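Here come two complexes built around subunit A, the first alongside subunit B, the second alongside subunit C.
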Partner chain A sequence: MKLIEKKHLVAWGAFLLIMLLMPNFVSNGTLRIFIFANFLAIFAISWDVLSGRTGYISFGHPFLIGIGVYATAIMSKRFGMPVEYSIPLAVLITMLGSVLIFLPALRIKGSYFALVTLAFMELAYQLVQVVRPDLTGGTRGIFGIKTLTRGAENGFYMSMSLMFAVAFSAWLIMRTQLGTALSALGMQEESLEGSGKSTTKLKLAAFMLSAFIAGLGGAFYAHYVGAIAPRTLFDINFLFTIIVAVLLGGSGTIIGPIIGAFFLTFLLEFLRPYLPGAGRYFIYGAIALLLYMYQPKGIYNLLEKLYQRWRGGAA
Partner chain B sequence: MTQIIIQGMLLSGLYALIAIGFTLIFSVGRVLNLAYGAYLMIGGYVYFYISQQLGLPKGIGLILAAAVGCLAGLLKYRFIAKPLKGNHVAIEIATLILAIVIQSAIILVFGESTKILHSLVPGIVRLEGVTAPWSNILATGLSWVLIIAVFIFVRQSHTGRAMLAVSQDPKGAAICGINGEWINMVTWGISGLLGGVAGVFFASYTQLSPFMWVGPLIVTVAIVIVGGIGSIIGTLIVAHIIGFLEVIVVSYIAPELRGIFTMLLIILFLIFRPRGLFGREELA
Partner chain C sequence: MTIKSWLKPVVSGVAISAISMASLAAEPIKVGFIGSMSSDSGLSGLRAAEIAIDEINNTGGVNGQQVELVTADTREDPTEGIKAYEFLAESAEVDFIVSSSIDDVSLAWMPRFLEYQIPTLDTWASYVGIIDMVKDDPEGMKNYFMNVASDEALATLYINFGADVLKAKMGFESVVILAEDTAFGEAITGLVTEALAPVAGIEVKEVIKYDITTNDFAPLFSKAEQSGADFIYQISTVNAAGLSAQYVKLQVPLAMTGVNVAALGHEYWTDTGGAGAGISTLSPIPAVGLDLDPVSAEFVATYQSRYTSRPVMPHFNGFNVYHGLKQALAAAGEVGGFGDGWSAAMEKQDLKLMKDGELWLRYGWWQHDEIEPVTGRTYPHNIRFDLSEPFDDGAPSMVVVQWHEDGKPYVVYPEKYANGEFVLPSWVPAK
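== the complex of A and B ==
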């Protein structure tokens, strides 16, 4: 089997085309929902590259995203740095920050690793409010960050192209030997080591890739919304949204997290008229829990099965 | 100085109280129940509903809080821990999702606003110029009683010793005729019960809010990690270390930094000494 087949490229092309034409068909309100879905998809891909593949479950992804968000917000708002510099720098800083959660991964795994990352997130939440509040804006966060786009349509194109670029590159990378090795890391770390691969290097690669995507997504997100606050960022609910998007869509795939992110964002919007406020998360969480318990491979796997059954029936 | 000792003792007692149930479940099932914080919340809200909205006696509120917490624990075992048996990470993720579901269910029923709980025993007492609510003193006393009770239960009773056996070697325990599933279920039930009771006290110490589960969950995780898996005495000691650290930080450094040492302790211990201070990989 060839690694990159024509049908894959056709599918990616069709996906891009549909997304590009989207603003012609839907209202600006729907576009704004799409923007959030795009960002969530980026964060979900970032989580999946690390946790979905290697099995090192990160409960601290908001920590990485938060570094990217805060770095660019502080540099552009407080020091007047142009966005062209602040975003790449923020991505770099996020990757450096990910070393902090990479080092524990050398010693511990499983539940313990997840807990360390969770502790990092809470630590960041508390520190950001007290250390240099003149820079971080303390509890209230930072307002009036320079926004890159104006209007729903531009925002949509920006977030969509970013999401597509991230998804397609991640997909290409996962098709290489590196991707295979990362999945192998998740299955049997010991035997991978036995086959002469350096698991440390592989882990580092996964963390760096994940942090790169998280930082990129976070930085652009900061310049889209224009205002950030610690409680919405370093938050267990935010973490929950990211993880659930991946698990619902299907972890260990690229398209899965995208499906999950879109499904969740639109589910929330669909529920808005019936259940305003945080009560919507009840339905959303219940669906997530049921699917996770009974369909742990996610929607993508479900669709694949249906497709195969349909083809089997036709042939 | 006296002030710090009194406040430290009270806070530590409260922390020990909320950590016992988590220790039990972590020791026997080796499962991180991230929805543990939600037991506290359930306990607090049941008490609120019974004693403040229905106006029934507070004692009934406390008993029902314990009962509902116990029920929640049993349901959680039956529908999450048992089907996902052995897959610890999956249980963690599932309990995290469950915690959010419970949080939003509470928002649906009681709304998002915080509520003040009338504590079990009203009034405050002055000790050496420090004001201490009776409820906190009661919580501290109760935490000691419960910890000793759990300790004796695990050491002396048949069920408790079976728990110990299951935590050390599930297969060996099964060969000896111990029904591991039953023991696990009992443990989840007791853990929920303790959580429900602790929730009533914790909520009267802080406030009742749908988001109150994260803070105590992290404190509990810290206590169990630093104390060492399965060490009940470790839980008691570390609850005091963390409680006193927090009080000292609040009085001498800055109130905003109160949780930072807790987080640092978790990170450092998990990396450098994952079995904790008193961890002997067994219960008691």
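== the complex of A and C ==
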């Protein structure tokens, strides 16, 4: 089987085409929902590249995203740096920050690793409030950050292009030897070591790639929303939303986190007019629970099975 | 040309125009409400909006147009606030937004306001930085109004309470600050340490910060006692009822005042299990315990006949929503909608609510070039407040409310609005 088949490229092309044409078919309100879904998809891909592939479950992903968000917000807002510099620098700083999470991964794994990464998120939450609040905005955060786009359509194209570029690049990388090795790392780290591969280098690659995506998504997110607050970034709910998006869509894939992110975001927003209060979160929780109970491999796997059944029936 | 031949297009034209006019008249004005729909303050605002809109619709609407309410929950979360504002603007396509958002949430949706330019009224958020934005960018912010006194104005009057009551009357020389670790806690801590204490001549002995998940306050009270301060300044918005109840149950031998959000609602006494005496809090106006003017009292009567669940009495933002929404719709009625002329018409709205022949509450606006005499600065599009006796230009920016041991709230400062004395709890020795 070829690693990259024509049908894959056709599927990516069709996906891109549909997304490009989307503003012609949906309202601006729906485009706004797409924008948040696109950003959540980027964060979910970033988490999955690390945790879904290597098995190192990170509870500190908001820490990485937060570095990207704060770095570009501080550089552009406080120091007047143009975004064309602040965003790449923010990505670089996020990658450097990921080394902090990477170091524990050299010694611990499993639930211990997850707890250590959770501590990083909590630490970041505390630090941004007390260390140089003149720069971080303290507990209130930073508002009035330069926004890159105005209008739903522009915001949609910006977020969609970014999400597509991230998803397609990650998909290509996962089809290289590196991607295969990362998956092997998640399945049998010891066996991989035995085969002579440097698991340390592989882990570092996974962390760097994940941080690159998190930093990139975070930096663009900051310049989309225009205001950031520590309690929404370094927040357990934000972390769970990312993880649930991956698990619902299907971990260990690229399209899974995208499906999960779109499903979650649209479900909540479509329920808003009918259940404007907290009721929609009960529905969301119940659907997520049912899906995960009866379809633990995610929606992508379910769609694949349905497709296979349809093809079998058609044949 | 026969009469019939020219009559036909004329009749058709008139018919089409009539149908268009009818459909235009039937098109409702959409008002969006943005705020938490599970908190007492959020519900106060939402219910007040429902009452105001029903009253307007029952009297024929705005120039014949009925008003429709669309709600968007923020869950007091800034990101949800952005989504809620986008929903109101782009999906519900509202004409006007009334907000009961907390400061963080208003700051989060502010970029969306700047983008959509939908006329918006804030009734809870009081961050003076937003008023500064109106000062700096009058054109971009022309459709934004805030009808709660900005925190700077609120603080200025509160400093007088420190000097007049805490220092002069009670003889307090030193304070220990017990503040929750939030944006609000940090802001008020800054106010007390940098403004209230130096101006009133009160020494800050210690600042004790606590996490909002704290349930056991006993060690914190012990620490406060050990600081040797004369009184505790609490800053509490989350689990504030729990903090108050433990203060009373532990009979902490220090007076405690400050900001206690739980004490701003009528449910405070039952929330603390009757253990809430002695607590005093700064409150935007109209506060719990405040004597009301006849118009506001009628609003409360309507509210209480319609809603039986908590909050049984609207919080201050409920009054602001009720009066402010009516003013916004009146301005729209004057200029034919929420278009270009609305902001200027809104600036002219000025509701003076009298009580016993005196100005009691005022819903008017500071204009762009007007300098407030006490602070010496401008507050464009902020509610018109008054910072000095005899409060004949507007209501004070805040009052101080104290819950007494009879289970009732009393306004204890400033004097004109006071209906009770600032007293020490019975277990606290006088200085």
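What we mean here is this: the second predicted complex is superposed on the first by the 312 of 315 C-alpha atoms of A that agree within 3 Å, B and C clash if a C-alpha of one lies under 4 Å from a C-alpha of the other, contacts with A are read in each partner's own complex, and residues count from 1 in each chain.
We adopt the following convention: a residue touches a chain if its C-beta (ideal position, glycine included) is under 8 Å from a C-beta of that chain, and two chains touch if they have at least 3 such contacts.
Predicted model only: the values in this text are computed from it and were never measured.
Enquirer: Here subunit A is shared; do subunit B and subunit C fit on it together or clash?
Expert: Superposition result for subunit B and subunit C: clash.
Enquirer: Check whether A:I108 is in contact with subunit B, with subunit C, with both or with neither, and answer first, second, both or neither.
Expert: first
Enquirer: Once the shared chain is lined up, is A:F120 touching subunit B (first), subunit C (second), both, or neither of them?
Expert: The answer is first: A:F120 touches subunit B but not subunit C.
Enquirer: Which holds for A:R140: it touches subunit B only (first), subunit C only (second), both, or neither?
Expert: Second partner only, subunit C.
Enquirer: A:L204 contacts which: subunit B (first), subunit C (second), both, neither?
Expert: After superposing on A, A:L204 lies clear of both subunit B and subunit C.
Enquirer: Look at A:Q129 in the shared chain and tell me whether it touches subunit B only, subunit C only, both, or neither; answer first, second, both or neither.
Expert: both
Enquirer: After superposing on the shared chain, does subunit C or subunit B touch more subunit A residues?
Expert: Of subunit B and subunit C, B contacts more residues of subunit A.
Enquirer: In the superposed arrangement, does A:G226 touch subunit B (first), subunit C (second), both or neither?
Expert: In the superposition, A:G226 contacts subunit C only.
Enquirer: So, A:M22: does it touch subunit B (first), subunit C (second), both, or neither?
Expert: A:M22 sits against neither subunit B nor subunit C.
Enquirer: For A:F282, select first, second, both or neither according to whether it touches subunit B, subunit C, the two together, or no partner.
Expert: first
Enquirer: Identify the overlap between the subunit B-contacting and the subunit C-contacting residues of subunit A.
Expert: Of subunit A, residues 129, 277-278 contact subunit B in one complex and subunit C in the other.
Enquirer: In their complex, what parts of subunit A are in touch with subunit C?
Expert: Residues 27-32, 36, 129, 133, 138-141, 143-145, 147, 150-152, 225-227, 229, 231-232, 238, 269, 272-273, 276-278.
Enquirer: Under the touch definition given earlier, write down the residues of subunit B that touch subunit A in their complex.
Expert: Touch residues, subunit B against subunit A: 32, 79-80, 83-84, 88-90, 92-94, 96-98, 100-101, 103-105, 107-108, 112, 210, 214, 218, 221-222, 225, 254, 256-257, 259-260, 263-264, 266-267, 270-271, 274.
Enquirer: Which of the residues in subunit A come into contact with subunit B in the complex?
Expert: Going by the criterion above, the answer is residues 55, 57, 59, 103-104, 107-108, 110-112, 114-116, 118-120, 122-123, 126-127, 129-130, 236-237, 240, 243-244, 247, 275, 277-282, 284-286, 288-289, 292-293, 296.
Enquirer: Which bits of subunit C are touching subunit A when the two form their complex?
Expert: 37-38, 70-73, 75, 77-79, 82-83, 86-87, 90-92, 103-104, 107-108, 110-112, 115, 133, 181-183, 185-187
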